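Shared between the two complexes below is subunit A, which pairs with subunit B and subunit C, respectively.
After this line comes the complex of A and B, so read on.
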């Protein structure tokens, strides 16, 4: 190809442009939503298909019967045929047009188990989207009973324990050959479960809803051809990590174990700290698609029963697709979800949950989440930490006051700085105001822009620090803060006093033990900064009173959020300050527990008893 | 009635009475009182607290005889028409007081904190906060008031303590005043300042029982009296009557006088938060009480829709006076005049009617029926 031809072709391509012949890129089409009911044709088609399958099964049975009749008399074969015919009769009853139409109009999950193994298999295929879905395993086997019975084991790969399935289900069922009894006789199935299946939890169910909810949890279902019941055997065995050290709520003197993602491990961890028959664990399911298991734990003789009823009412009243985390559930159960302040305590520590239960609160644990929700709580509960009671009461109280001051500094310091530097300079000593003035002289921005930009940078660092994996996150946070601060001061973008204020505020925010509260306080701080920049201390005053009234109006599971301060309730030396452990005589009054007394007035009885030495002993 | 607030206890009642009776220490009312009774002015809060306690006794008797709140008690004792007139009077004075307070606190804001702010914006700001608090509800507002109350007392006494070196105790000697008779008369006439003590009686059904009303008013009046007397005494002792009668804002002027060292001086900016919060709470409580009575009077199912229009009207009214001195003068005249009908005359009249009612009931029980 010479240069002339090349140029001609290039020119031709430009003039006579044709789009490339690649396949068009994928664009998700907008779904056409219509409220029409499913076409009746589909349901009648399914009905005809079911009838056809029944006809095939009937034809097979007739053929088998003919063959058996032509042959010499065999009692076992005749017995098996009798049972098959009985099962066919049962199936026919369900195939009446009215019942079939009703059954088809229902979700497959609500359908009853059929006597036909084929029908059951088809229902399972429909429910679990087989064969596309590779998670569900259907293992066919023949139980060598008299007569032999076709059965199918159904379980989900990955969340069931294969060893248990092999040793506690398949092996005993296959050894059933020695058994001469029929499974179809009265109580035959119950006997099979009682004598041959060594699983620790075994039960019989009648609907696919029961089967799906059990196998979704990791259990195994056994379906029997000719029987309209299924056996469920507990074979849960998904992989999970064991209890680890707490990562967010570390403590120096407290327990060093934290919740995991497995619900039963978590309930067990709480029970190891409260070994009493009084500790009740109620199981509920939340999420129409996720079917997340939740455990509501409480001490029955202490908690106000109305709290349990209300918590269960709220849990059962949640209609949502999926609840995958405890935090989601917490938000769905809150009294005032519009406000950012946490209305329940989220903790990863079993000892905190145990302490809360002993006070008359309740805990909700969610399967798959290493956090427990504790409710009801007060604002002051969020400023407590696990080891408060491991320290002498003076030290514990000091730490609590420090946290409260940290919270106040976090909310008010930048706002006060803005208000004073804009409107009330006379509040500062002359030397200080001159120093601040000199530091701000070279900065071209107003104080509000300085504060806002530093806040923004700090928030970015904080968010980035959380997202960056491992130790690198905190390192980048510290290095970033130092470099950014120094560079911003050197570039005259912000004054050193702004860096100091933002640094102190940031430090104070880390004194708040609860992550959600810390977030809410930060949001409040931004509002206060805006108010201070607009109206000085008058704006701040308006903000303060509004936020206090809002907090006073809030409830946590129906209990006032600012109790025992507002409304004033009996003070148990465990709100802002902490009394000595021996003086913690009463449970929180605002919870109205059944038993208000935690310990007798003289709980240290050894102080009133004589020591081992007898009077007069000289040695 | 759906608008009925929830269960309130002594703490909420204390906060209600304390906020409505003590926030005058942040206003000019006491400067004008010094003008009347000079060095003995510090006695006036003591005297009007005594009349307040007398009013409380009368009201408690009325409530115990009728076993209901003050509104229903009025209906039982004086009939529907008179009740409507009485309630209209109280609605009027609560709204009027809220209007005058709104204007004075807005003006104080301009005087002490934000001199360049248009006063309409200051009024607007207080109105917005009052609307928000009223919407949240009286229960939460009073609970917040109970949290704020110790801070107000603490801040007041901190300022007064810091001024210890500035006091001239002889300024307080009553014999340098106009005479005890005048002080007593002025003290009794200033009872209108305590108009807020009737609000718990109107909201009695929201309190746990009459005992709650009794103790909340009793404790709050005591605390309020202590704060007012101490502040007024400190004001006179620090400035002397000649200078004090010229100062518009007693508490603000006292905090301006603080000088401990170079770093603790002129703390007036920091106490802005205290008086601004007290002012907002006082306006909110008065407006809420007025709206509550309005809803009762017209038998309305709820009071929330009234909050915004009423507060807008109040803020518009507060903007009408051209200058602040007329507002301060009017407020003082009302304290010494019109408000006394509400704090003394009406409770006394109701007490008399309750006595007659009780007497009639006693007689009817004694006399067996003719049949």
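After this line comes the complex of A and C, so read on.
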């Protein structure tokens, strides 16, 4: 190799690119879709494997019988052998080709429990993807009955209570030694459950579907070799957060507890506020894969039964794979999911739920979600807060009017500014129009661009503010709002009046208590701004008419959204204004409750009674 | 309908409607900083044409705290045969299209007003650019000069000057007149049109009273330009009333007569007058704050050819200062003072009525009280209410009650040394 070749090679290495010789990086291959038709079941192999396992078991039993027969006569051993042979016969019945093919074509969850422990274990392994899946624990043990029985405890680590399993299941079962009864006798299992298992909810089941749904909730299943039944013991015990203070719906005078992620804790919180046998909690499961538990709560003697039927019909009619949040479920079951206006109330406060139930509404709680869905509601419910009724009615009404005004300002203020400054200058005092003109003198953009850019900045701040870590949040919020606004004015990008308008609008948007409503109203505002910039007050009034038509046409679980205004119903002094607590005699008319009367006309009977004190009694 | 179809339909709908908004959308949109806001409009007579003067506000400069030396307005005058076309001419001289919706004041020269208001109002009442609450002023001399010389000191912008002036016009020396007031008076039988009368004061301190004061009064009646004053205030005086016969200016009322006209229309709130001391008429004066507590009672009698008006005015007074220190708080002295004041007011009212009768105009609107005397509309339309007013007789009865004596409850005579 001469120096020329060497130099050439070095040069070539520098100039020419050669890909590195690493293994190719992972790229997710595109799945080949075959029009969603399931692949044909290839069950024959599984069928042969099952037969093989049966043959092995048969050979074992024959061997066992031979040794037993060779030895001197032992009644108990012979009895045990008899039972084992009976179990084998049962298994053989199931292995008939027709039945086997049928049960294999079924999903494993629908399979019946087999008498063979090995078969059951294989089924469980298939169901839970063992041994890859480390969550499912199968604990083998021998129950020292007469004869001893192989058993297996099945539970999921992390959602079941280990102490209960140790003390209330394992300990009694393993100390069964002194018992000389046979488990295989008639009602032997029932006796075992009744005498030895101190769990508070115990039941016997026959299919794997029951087993999986129970252990997915945190229960423990016990499988017995030779029995086609399993015992389920309640051992739920997942780690969870306790009820905390409400974060979104804070109140000064209302209760200070909020829902948590555990369904049973949440239903309990509601029940502590409504301690009546009338309060019904129906449990339903939603989501084919998530199997999320939902509770539908209502007061049986008050609510219109059609509402319950409709809510359950909608819940049961949802076919989706996973429901992980209450908000998701709300959108899946609401009347007009395409409109941004919330058609159900999402609340984290048990006291609001209890108040709504007492009015004849129903609540849906979702396991794993600290929010309850209350339906049906009206638009005005979304402007109410929990403590309205803790304040004197004047103060409560004032707060409600303030919120309503805030909502109107939020929708209309920037639009009105645009419409008036573009088309209707005569509607402003001369001083103001001159001031606006002077402020806009150096701004190079049209008023619409000013408003739009400030809106955009504000929305960015709001969206960013949610994700800024808590410690920095307030600082960055102030920096964003003040510095940005100030700098934009100083740089002549926007006029001060625009900053004022956007700031007031932003402030007003925080007066809307409901988060989803606030979102919907912001979206409406953008439409109004566009209409105002294009068509002036004509556009704004057209928008108002459209919104009113839209709101009046909406329904929340079949109940008109704008009730009691449109359609006009009996007014219970609890929509825009609220009357004194003693005057709230009727439940909302639009809900058509079974019992419309909440309290008698004279609810304060003490005002009509003579006080105990006698006249002239000074004590 | 599936969600996909729904979305497509919605998208098509939006795509179809939004361009329509642009096509049919209003092109009248103007940025606020792209308009010249006219705040005052003046009309003069220039031969057989009109001279139109526009006063256009300049927006206050951002950030400037000290008022600039230059006036915050532009003044532009045009001599044209048509008011509407002048806007086009105005647009050729300033870069921004003029916006007339913020005109606060319409100023018309006396000369133009004598020719009649109807041709002017024809423009103003029909066009939606002009508000009906424009203040209406008739000025002595030329409107253009008036606009040029009116430089308010307290207010920066000229529209603010007029707004403030007329929002506090309840002392009676001038009245607030807006375009629709004028229009209503022009179109209604009974009562004549009138306008604010204003003019330039030379500010040389020269006293030019109108004369004709009653023997009981100390102060003198004035017209614009006659008030003896000096100083740095703006040169314009608002005093008096321009009165019309039909739509033509026929004369002017002085300050006392204007107040009398205000009292008869219940547009007078309070005013300060100096009354000649009834017990020491040579040099002493009693200052009284008089105010109206009741609407005047006016009844008309049309049983004969000539109508008779019975006018009953009730006034109250508060003593402001008694230079003679006579105890006018005591009932017997108070009555003297009350009669003196009542005679003063009665004299002024009578003077106004006689003056307007000779002018052939009815600014107090007494003709309105004649209308119920006609049995049907046809008869009312046939009758000439102004002519009836000219021939009318008046029975004026003024009563004054002095109820308040200020902070002193009883006056005691001056001490020997001439001090208190």
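Just so it is clear, the second predicted complex is superposed on the first by the 591 of 619 C-alpha atoms of A that agree within 3 Å, B and C clash if a C-alpha of one lies under 4 Å from a C-alpha of the other, contacts with A are read in each partner's own complex, and residues count from 1 in each chain.
Heads up, the rule we're going with is that a residue touches a chain if its C-beta (ideal position, glycine included) is under 8 Å from a C-beta of that chain, and two chains touch if they have at least 3 such contacts.
Since the model is a prediction, treat every value here as computed from it, not as a measurement.
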{"item": "Touching partner for A:446 - first (subunit B), second (subunit C), both, neither", "value": "second"}
{"item": "Touched partner set for A:545, first subunit B, second subunit C, both or neither", "value": "first"}
{"item": "Subunit B versus subunit C as contact partner of A:553, first or second or both or neither", "value": "first"}
{"item": "Contacts of A:338 with subunit B and subunit C, given as first, second, both or neither", "value": "second"}
{"item": "Which of subunit B and subunit C A:596 touches, first, second, both or neither", "value": "neither"}
{"item": "Subunit B versus subunit C as contact partner of A:536, first or second or both or neither", "value": "both"}
{"item": "Touching partner for A:159 - first (subunit B), second (subunit C), both, neither", "value": "neither"}
{"item": "Which of subunit B and subunit C A:566 touches, first, second, both or neither", "value": "first"}
{"item": "Touched partner set for A:421, first subunit B, second subunit C, both or neither", "value": "second"}
{"item": "Set intersection of subunit A contacts, subunit C complex versus subunit B complex", "value": "423, 426, 430-431, 535-536, 538-539"}
{"item": "Complex contact set, residues of subunit A against subunit B", "value": "420, 423-424, 426-427, 429-431, 535-542, 544-546, 548-553, 560, 562, 565-568"}
{"item": "Subunit A partner contacts - residues on subunit C that touch it in the complex", "value": "3, 6, 21-22, 25-26, 28-33, 35, 37, 39, 57, 59-62, 99, 101-102, 104, 131, 157, 159-160"}
{"item": "Sites on subunit A touched by subunit C in the complex", "value": "338, 421-423, 425-426, 430-431, 433-443, 446-447, 531, 533-536, 538-539"}
{"item": "Of subunit B, residues touching subunit A in the complex", "value": "9-12, 109, 113-114, 117, 122, 125-126, 128-129, 132-133, 136-137, 139-141, 143-144, 146-148, 262-263, 265-270, 272-273, 276-277, 280-281"}
